[in-house]
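Two complexes follow with chain A in common, the first pairing it with chain B and the second with chain C.
Coming up: the complex of A and B.
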């Protein structure tokens, strides 16, 4: 048994850098007060500012920025949010989130309307969307049921294998998925006299869904379910001994993430106006991981941060370097982030604000806490069995 | 497992396979035997690539998701070496050496600095695979490159019993795979370095305490594992042709092979490769639309009953 195994077996946490041993991370008189305030009124000024900017965004941005940058980043962010939730709070890195999203898109095209040779049942859009999301969530739960039998690295590999298997199924099956062509012209509906694919309405539609997803995740992390899930991430054995059903919690987390991914997938399909095997191929499976890790897995907002950076790079990498070299740019950015930050952009932000707060003469305790947050390793899915 | 269950599983899996074999031989023996040979030779290629993957994982707990990129790199370098010198054996050596060098560089410059951080290592290899794949596409282009087999392995082998003729090169993959498998087994089980590697798999810290330079052992293993991917690339360059996208295909095959066979076990990789190769080719021959689904069903069944693979051991 190696030293690392012993430590895991004995449930000892590795000593964190920066925190003096034998002392709590925050003085006793401030902590409860701050925590109570945060719990009763979690909304701060910067939240309202960001919300105001997001709401006003289409009024000062060009349609290109509203649609290609804003709406796309929000839809992709929602899919990445499902991975952030799974990985950050559940400790399970699933590469099959884009598969769930793509499946929802395919189902909307199959049950709704699409201009292709394959099956399109032409049911009303709301029914198609509901059925698509339900099927995708069922598939997500199935993927979860399969992959929670494994841990850590194995989960990544199995979800990757499942995702690629679905890609080949969609590519080779012409009866249902229409093969290489996929489903063309899958558009959001006309409703209340508004065509929802126009830049501004579509932006608000994605914003509403993304905001709802974000709030649901933030809320869920404070519920007993979310707390138990984080406990399972940190030590499944102990949680099992406490009487929690580890497998059920993990599968439930996959299902919840499936809802987020499915909604994001429907939006992304509408955004593109089509869904093809290419949109569930290995490239996109990895891209979702890139987005989530780029932003940071610790907090749900990381997914959207990562998505904004990703979409900006995707659109403006042409100006920096050749059009075809987008993968090189995103790969190098991803490598730099993974090599030099423990937790994506959020990790850098935490390190920066820790440095700033000591320079401004702020409480050294806050600085220490932030620094330990910045330094401690990102949530590792490795766990004893 | 009691004797009853052994029989139960043997019957449950064996009877349908026997029934299918009987039907296939009676229906169209030529197709059946050719598919069998195709499957076994494909399995041989999968084994060569996946054994490197499983070797690296077994020792370092590092899932090298850039393994497919090393395969492609080895294949391209082998192609250009063969074009330049006209020697297939030199191409094999060049492919092995190039992939081994890149693997060594990766180990020394990156992985040494993040020991025990599985997730970060995995993410780094994903980033590397994106970068390497795009650099290769930039340098070489997206067109198909196919290596021609050496003259002494070119052309069909005639006069075989049921199937009359079969590609000599393709058939030679089988002994090559067996040779590499046996060599790997002997290396791991009969040499001093192999002993160190196996000791490192079981207990890394104890090996270091016993006075072995663990870093050197790690670097060697990584180089061999990466080199096997490059070797597989040169061998596959003849049979499968080199084109961007092959890296993901072989990476996926390696993943499935080691998941089915069990991580870190060379024999497991051989079993997994045989299952995957046969399932893929029989699927393609008898049910072309759903060949991938067979692979998937096998994966699901193995995971459902043996989550660590057929020969996998608890870590």
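Coming up: the complex of A and C.
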């Protein structure tokens, strides 16, 4: 162990971004307070405001904005959230999250109904969804179990390899996955007289799932499991010495992320109405990483911010510039965000509120923001030990 | 895309005294991307008429989407899957180009005329090549030809050695239905493996894109027969005018318009001719416009096109052979022109089955 590692291992204070040492309350004061508040994180005005906007959104947006922008961003955000959780809180960057999502989509098509050759068992939709999610979560845990023994770039490589392997399996297997054409017409069910693929119902469906996923992650990060996971991210060796089972925690984190990705994957499949090998190709594996990094890994909300920016760019970059060059705009925007902020959009947000607080001498609101950042996660996705 | 632009430019962007505004969107041959792009054009940019998309599964996906937008008229781009208009057709989706099966009608007979009694099929594994192979085999099998082996390869495959190893010694020719880079890869590897069997091409195997390939191996394409809705060397004056127009408008384009340029041109021309016929009247949910499109006999550079009851084109197919001209350029010489090819390949609709890996079959 190098001297730097040793110092880091001995350093009791959790690392923080955007807050220089010595600012913010001392950790010793905060610990009991944080523990008391762990399960009663107060709901603030801006939470309610965002919720109100999200709920009212379909009433003032066109069906196009409700469905293609809103619902798509929420479904993609949910998949990206699984990566944000893994990378931000567990320090594990998995490129296979879209694979898990796509697997769930394929399973729903296979066990449920799809209008294509190959296997479709035509079971009731709820059973197909449950089976799809269970299989995807098992696969996610399997992927986790394979890749937890690696660190940093090797985790990326092994999950990328798994993702690409699944892409080729789906592309070349006709008996089950129906090859290049994949599964067509995979639609959400007709329930209570509502077709759940119509813009507004589908938006609320994705919103409900995304909110649930978000709250689960926020809650998990405050549970002993979440705290231990963040401890493992920051220093697995020390957590191991303290008696934590590092491997089990990491595999469990993969499984939890698998649930999020699987639900997101089912929604995304319903959104497209189909699932093809293209949906789990390298392009999408990388896109999920782009969304997560773009939004920022320090807080679960980053995944959804990233997804909104990503979906808006995908749709409207073409209007800004010529048809042949619009991918350039997308690339430049991504580059600018990542280049000028260490932690995506959330990094800008933190820098902005830090500046506001120095100008105003620190409002209570920004102080709370800083505390919650410091508690919930640290910016460094890769474990340094 | 150049083809569609050309159709607009020929009218100087004006139909029935109104300016046509063209909004473009981009896809990448993936159905989900195509539907997203279409949804944006229809619901956000509020287009009245939608022309596109390019590839087979995109076409099926966009056709399904068109059912949810009954007041917009959808006209196909260049997608050629049979199921688009055969299986649950959409009342507002029109296709003025013939499909992949129709493009191969006449090729079976031409292959037998060349003395190919047994052939092996090598094709990509998705709907468009299925239809191409069906178009070839329906006629070829009926006239007594045999197809002992069909090799379905993944789209975008790089390594064809296992397929090449499976080529039986006793076949007379290879029917190769591969597109773009896949076809070039296959040809390279087949020649390196010492292969010398003559080729029968699919419609996109020997399109202008591939004849313009600058590699050394392209000479092996000489003598290849193929079926396609386009033929560079077609002598009719309307085709000559079309090529001249294309070259004038796009000096940096290909020496001759590609299949995609032609098909986009035809569909865009149909959209504009229809608009002209109703004097730009799109009221009443575009009913009048659609009725006109349904009954229209469209003049295209390759002959007249009319629609069947599923709003699918009945049109012309060319049987071509690759030859080399004086400057060393390869081009498709016309062997035969077949008019009024319908989507069920001359069979009664009840007997017709959509092509698949195993349909038709004559080992």
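Note that the second predicted complex is superposed on the first by the 314 of 385 C-alpha atoms of A that agree within 3 Å, B and C clash if a C-alpha of one lies under 4 Å from a C-alpha of the other, contacts with A are read in each partner's own complex, and residues count from 1 in each chain.
Here, a contact is a pair of C-beta atoms (placed from the backbone, for glycine too) under 8 Å apart; a residue touches a chain by one contact, two chains touch by 3 or more.
From a predicted model like this one, the values you see are computed outputs, not experimental measurements.
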Inset, instruction - Scan A:161 for contacts with chain B and chain C and give back first, second, both or neither. - result: first
Inset, instruction - With the two complexes superposed on chain A, say which partner A:62 touches: chain B (first), chain C (second), both, or neither. - result: second
Legend entry - Contact breadth on chain A, by residue count: chain C or chain B: B
Inset, instruction - Could you tell me if A:173 is touching chain B, chain C, both of them or neither one (first, second, both, neither)? - result: first
Inset, instruction - Look at A:315 in the shared chain and tell me whether it touches chain B only, chain C only, both, or neither; answer first, second, both or neither. - result: second
Inset, instruction - Based on the superposed arrangement, let me know which partner A:353 touches: chain B (first), chain C (second), both, or neither? - result: neither
Inset, instruction - For A:153, select first, second, both or neither according to whether it touches chain B, chain C, the two together, or no partner. - result: first
Inset, instruction - Give one of first, second, both or neither to describe whether A:185 is in contact with chain B, with chain C, with both, or with none. - result: second
Inset, instruction - Identify the partner contact of A:278: answer first if only chain B is touched, second if only chain C is, both if each is, neither if none is. - result: second
Inset, instruction - Show which residues of chain A both chain B and chain C reach, each in its own complex. - result: 172, 174
Legend entry - chain C contact footprint on chain A (complex, rising order): 62-65, 67-68, 72, 117, 171-172, 174, 179-181, 184-185, 272-274, 276, 278-279, 314-315, 318, 323, 326
Inset, instruction - Name, in rising order, each residue of chain A that touches chain B in their complex. - result: 1-4, 93, 146, 149-150, 152-154, 156-158, 160-162, 164-165, 168-169, 172-174, 282, 286, 289-290, 293, 324-325, 327-328, 330-332, 334-335, 338-339, 377-378, 380-382, 385
Inset, instruction - Provide the residue numbers of chain B that touch chain A in the complex, in ascending order. - result: 61, 63, 110, 116-120, 122-124, 126-128, 130-131, 133-135, 137-138, 203-206, 248, 252, 255-256, 258-259, 263, 288-293, 295-296, 299-300, 303-304, 307-308, 314-315
Inset, instruction - Could you please specify the touching residues of chain C with respect to chain A in the complex? - result: 1, 24-26, 30-33, 35-36, 39-40, 43-44, 57, 60-61, 64, 124-127, 154-155, 356-357
